[in-house]
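Across the two complexes that follow, subunit A remains constant while its partner is subunit B and subsequently subunit C.
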Partner chain A sequence: MEDGDRLHVVTADHISDQRRRLGKTLVWGSAALMALIMALQTLDGIGTLSIGFENWRPSLYAYLFWSTCLCVSQVLIRGEHGKRTLFVLPAALFVISMVVFPLLFGLVIAFSDWNLSSPDGRQFNGIDNLRQMAGDPFYWNAMRNMVWYTVAIVVEYAIAFGLALLLNGQIRARKFFRVAFLLPLMLSPVAVSWMIGKSMLEIRFGPISRFMRYIASEPSPDLAAPLFWIGSYISDFGQWLGWASPSFFGSAGVARAMIMMMDAWTFIPFMMIMILAGLQAIPRELFEAAEVDGASKWRQFWEVTFPLMLPVSITAILIRIIFKLKLADIIINITSGGPGGATDSVTSFIFREYRDRSNVGYGTLLAIVYLVVIVIAMTILMKLADRWMKPRY
Partner chain B sequence: MKVAMYKAIMAAQMSRRNMLKGAASVGALAALGGANSLTSAKPAQAAAHSDLRAQLLKIPGVGMGSPTDADWQRVGELCLGPTRERVAEGEFEGVELTFLGLNNQNLHNFLFRGFLKPWEAYTGAKINWIDLAQADYNPRLQQAIATGTVDFDIIEMGAPFEGDTAGKGLLDEMPDWVKDQIEADDLVGYLQPPVGTWDGKTYRITIDGDCHTFCYRKDYFGDGAIGGAEVPRTWQEVNQVTKDLVGKTDPLTGLPAHGYLDPLKGWGGFGFYFIANRAAAYAKHPNDPAWLFDPDTMAPRVNNPAWVQAIQDVMDLIETPGAYPADQINADPGTTGFQQFLAGTGSMLMWWGDIGSSARTSDTSVVGDVVGFGINPGSDRVYNSQTGAWENTYNEAPAMAYLGWGIYVTKNVQGDDLKRKAAWSAAAHLGGKDISLWMSAYPSGFQPYRNSHFQYDEWEAAGYDRDYIEDYLGSNADSYNHPNAAIEPRIPGIFQYYSVAEDELAKGFAGQYGSAQETADAIAAAWEGITDQIGRDTQISLYRASLGL
Partner chain C sequence: MSDQIFKDSESDRKFRPVWYFSRALVYGVLLLWTIVCLFPIFWTATTAFKTAPDVMQGNILPWVDFQPAWLGWRSLGLSPDTIGNESTVRAEFLKRFWNSTIIAVSASLLAVILGSCAAYGLSRFSFKFGFMRNSDISFFFLSQLILPPVVLALPFLVLYKSLDLLDTRIGLILLYTLTVLPIVIWIMRDQFSSIPTELEEAALVDGLSIWGAFTTIVMPIALPGMVAAFILSLVLTWNEYFFAALLTSSNSTTLPVMVASQTGSQGISWWSMAALSFAAILPLIVIGIILERYIIKGMAAGAVK
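Moving on to the complex of A and B:
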């Protein structure tokens, strides 16, 4: 029995050299078989050999066989220790097969020229896709848009914080409002895009545009003089705002803002509920102490609430950024990226490239580059967030 | 003896006996009445047939609400005659077929299920269904082809995809008996070969015809009307009228009047058809079947002066304040057709037949009494790509946008004669002459596509308004049979070209390119990239084949 394991290992293993050798032979033998089959399949795949494999199942079976041998060999070589390993090893192997293999396969596709309509099938093309990406105005336009969309999270955060403070206060029907404010989050973005973007904001029949046109229309001359005067003033103001002929997706800036608003409407409740949970966790005593010290409400917020909420806020913002970077459904449904690419997101562009144009290789590369950019950006953000919070605690 | 073999033999005997019975009765008739009896039998058959067609058009009847599954099954049952002639009862017992099709507006596959239910009951075959939304269709098909997982025996498919399927040897050639059963000679001119054929072999059972027709508001045109005395005949006139209508009031709705409704937003590639309508009049020269690419080099023609003129026309209207309804930059063809034109906004539109069939039946349409139809407007001049010069002669070229849906059988059925026959029998049942009449008269997602669909008496007898039907169907017939129809190339990846063109056009319409020429050049550059990626040589040969060159 080894030192340090006295509390856990209950059987004394006497593992013979022969058993150890058998275990090692099993694992190395199956590994060699897997390597051989995969090598043969690769050579067959790139055309060096012509064995005629119909699919990649032989490699999959070899991997499964090796995995099984690896698990068995753990018990053969390490006895009780090996059995303990078996609690985790199959899950680890499963994760590898579900994450690592597809990622590798994705990388292979990303560096290929693969248009589904091409009779030549997939062709390795080195860094051609990267070069194409570097000079693709649609991709960089979408990237620029993503920066705008991400910056909008600051405003969303401020609104969410405000709402959370309200719902944390002693207000009437607090439970009702908490549920009511959460409702938009429960809606599918596709439903939001149809209900709001395509119906309520429809420029001719949509109730919002009708209301705007009504505001901007001339008041009836039959109205009493004071009312007519007020109506005229409102009408002039409406016309000054351009409400006589409302357009929600006609110009680049307005269209982008509308997409931001619809997305914000859906996801502000998510940030709000996280912040609300954080607010409820702040001990009451801190506010009482601040009050005793004579701190005003505003000062209490800046000196107690906000600093204590920073960790929750940072988490909420980071998760929100991840959600935001995936923004696509509302855009695809309402503007298809228009007008002139003003609302295009990276995901909606990849969607068109991959799906409408069957450009699998290039589309995959764009997605992988985007993934790498997100991972790097999120890592930097988390490091920075860590640094910001440290001096305070 | 195996049960399956026994059944097959029994079925064969049955079929033979039926055939002999049929032959004997014809012989008996001939013997009884000599030559005269045959001539007298023909009108009797014709009368019975005409009764059948009249009976079909009464299911459920004009103004009786939308047809239901029970109606579809009834239609399928009534149209089983040609199947009974060629297939014995229970002949396909044990055969399972997989059918891939669409579920747009709960039509397409939903109808096919109903139509084929009596066929399944009679033949004994079973059909498994794969329903796809329109937007999922292309990726599903392309992925199945690219990954070698074609898991369906029968597919509802548009002719533009023939390059992707027939061009890659994935389809089964149509047996001759199917051509007889579906009476393929009845198809309108432009759907005759080479459409449906590939390398001289026929693969397609046509169940739809597609073209864009010109829809206009009759209350805008005529003596004293706001749009002028005459309906515009050319795209030049269309643009002029659209500009002249700015500031006027729509006679029907009292809202601002508008002229032609260009969809300025993409529609998954389908939006490109609408700029193509304008371009066809300028670019489709009567002496040249090609108008999108050069058939020798695949060099795009989309940036030649003809296409640039079409793009410029749209840009001119964008530049004219009030020419389009507000937010037109965000209007796709669905918006222009259904939310604008049918709802009373705008006076001119190009669309598929859905507008004609919806104008008087849709609850949201307000233009049913004031809508008129015609073929794609022409042009005062046409560009000749061979000489590189404009010719100042009138030209018109209706665009056959999409060429319609068809039923195809995949090569999965090869090697099993019974399964092959079953697949073709099911497909032929859906493509039959009589069933097609019902499909063109009731909501089905399909347009008229046979010469026999244009017998206006049948429609009138079924309760349709004769003038309206003649106007609506006549515009279809005139487009189909036009000698200078602009036919869509059936080359692999055609929608990739359209999709990328939509993206570039959106930029151009949003003012991100300096000119129409610059926009067109960007499209051409993107098209060259796609051609190179798919393979220029194969694209050239397939393009030429699709043009019948």
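Moving on to the complex of A and C:
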């Protein structure tokens, strides 16, 4: 439109008044139709009219019709510029209708007492839900858990960085390792929670608990003396770790660590690939220069690689945090928040709040408070990241 | 033989063991992580062929520790001897599989179409919707990524109920499109900004309209990026559980919901659960192995500026 276009095109549009009028009629006509249908449905819903709509589909169709008319009229009214708007408009309309409306609607729900299983329907109850939230220890516990889960990203990042460095080094069968390392990312969290959480971590005959018991068991006395000594040291160590009778989801700390590990298992490849892409973009000359200057590998990493990787690292970590904040599937399927809410994430807690009590109003309030906390935290993080990303010369 | 003139210096010869040691360490770590990555998949694949005593004894290697049996696949109706017969479990499984396929593919397609157009528009023209300029619009799209699904879940539950969209495929498709759209826009914006505008300018001079230039000139060039975005969306939507568990009940349930609902019911028959889980993850494993290049390309987009 203005000089700002990267693709600057001069077009000669002659749009007749008639065409412009047609476009305007189309938009306002369809808007009026939509308003009419919605009004009719609202009146029908209150009970003033008795048309007997089965559902709100007519309003939906009217909205779709209006959106289409809006897009068409853009071209009619504004010609070539309208065609450009058409690139962004459908996606914008889609996101607005799928996010903004439900969010506004959610705000209404959040301040009402609405239990889907009770016959009373929705009742506005002011800040009662807020008061209930303030006194809900399980919600704050879930929030605290989210902090722990987020902190675990540091370890994931270190492992991912290490693996990316290995993959970026001179190794054979690079493609095989890359595919193998990528595969966990492709698996659905639900399948992972069964495969690992329920099957491999099974206490009696899961392979991991079996291995742990094997480590902690006394070595066979037939072994040669030195092997026997080593074996008994290992077994003492295993017993000291409590591996003789492994339990994964019994105590709070261990259960939380297990959830962290399973989530890390699926998402480490994601960070690894982003970091790998960053590593491959570093020009070789920098390392050669460092080599000539006599820097050791260790110094090279801290003085060249790591600082150059800072922007990529921060992007990867931010995206990872965003995904981490959605963590729920594994928890819902393995522990359902247990033992005693120790592994609950906010999402899984609200999921159960709805599943067990159909408490839509309270659940929505919790979710919206969570969203507000996330937005504030992410804004602060992004501001800080912006400052860190500035190269220091 | 004459004497060797050039000899490795003392320091170089000392260097060799260190080199071998570091190589061994590197490959050791790589192999260890490969086992960490692949063992759960291997375990699931083999457990699907085990019988009860094999599971109890923790046998691991097929043909060495135990003889593979079709037990797990028979309970799904997918073993060679039951594949010809009627099977309600198989019908159920195939229905879920088909639901997952339709929902994942159409949501990803829709997201790629909407997202590519938006990303192209944003990378080429400057818009002004009210107070929002290009960077604001981009941020508006990308910020949807932060939105946790749980915020939308309950409002959508109520909305879909009144729109009669609960337990329909189209309802899930729309939601899934929304969740992957920011990722698609992110990848595609990166793609389009790397394509020189001179190409379109030439096409426009030759008389193509802007949409003609987009579909015939730009899209073929950006196709690898679109494939990458499509596959990433496919992975995310195929695996999605949260919305599917909340918004579907019987008609349009997807595979993850089926897997989750089988856990714990009727005791646990390990072999059939393993077969089911393996069948659920197999398509993506195949995609991952074949199209690994595109997935990596997609994820690397935006990481490197």
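Quick note on the criterion: the second predicted complex is superposed on the first by the 281 of 393 C-alpha atoms of A that agree within 3 Å, B and C clash if a C-alpha of one lies under 4 Å from a C-alpha of the other, contacts with A are read in each partner's own complex, and residues count from 1 in each chain.
Here is the rule we use: contacts are C-beta pairs under 8 Å (C-beta built on N, C-alpha and C of every residue); 3 or more make two chains touch, one makes a residue touch a chain.
A quick note: this is a predicted structure, and the numbers were derived from the prediction, not measured.
Using the contact criterion defined above for the overlaid structures, shared-chain residue A:238 touches neither subunit B nor subunit C, since it reaches no partner. Counted by residues of subunit A touched, the larger count belongs to C, out of subunit B and subunit C. Once the two complexes are overlaid on the shared chain, A:270 sits against subunit C while remaining clear of subunit B. Within the superposed three-chain model, A:378 lies in touch with subunit C and out of touch with subunit B [touch as defined at top].
Of the two partner chains placed by the overlay, only subunit C lies in contact with A:95; subunit B stays clear of it.
In the superposed model, A:357 lies in contact with subunit B only, and not with subunit C.
Where the contact sets of subunit A with subunit B and with subunit C meet, they give residues 204-205, 360.
Taken in their complex, subunit A has these residues touching subunit B: 113-121, 138, 202-205, 245-250, 252, 255, 334-342, 352, 355-360.
Contacts from subunit B toward subunit A in the complex involve residues 138-139, 142-143, 145-146, 163-164, 167-168, 255, 264-269, 325-330, 332, 339-340, 343, 345, 492-493, 495-496, 499-500, 503, 506-512, 530, 533-535, 538.
Listed in rising order, the residues of subunit A touching subunit C in the complex are 1-2, 4-7, 9, 54-57, 60, 80, 83-88, 90-92, 94-95, 98-99, 102-103, 105-106, 109, 162-163, 166, 169, 171, 175, 177-196, 198-200, 204-207, 210, 265, 269-270, 273-278, 281, 311-312, 315-316, 319, 322, 325-326, 328-329, 332-333, 346-347, 350-351, 354, 360, 363-364, 367-368, 370-371, 374-375, 378. Interface of subunit C with subunit A (complex): residues 26-27, 29-30, 33-34, 36-41, 43-44, 47, 55-58, 60, 114-115, 117-118, 120-129, 134, 137, 140-141, 144-159, 162-164, 174-175, 177-178, 181, 185, 197, 200-201, 204, 209-211, 214, 235, 238-239, 241-242, 245-246, 255-257, 259-260, 263, 268, 270, 273-274, 277, 280-281, 284-285, 287-289, 292, 295-296, 299-300, 302-305.
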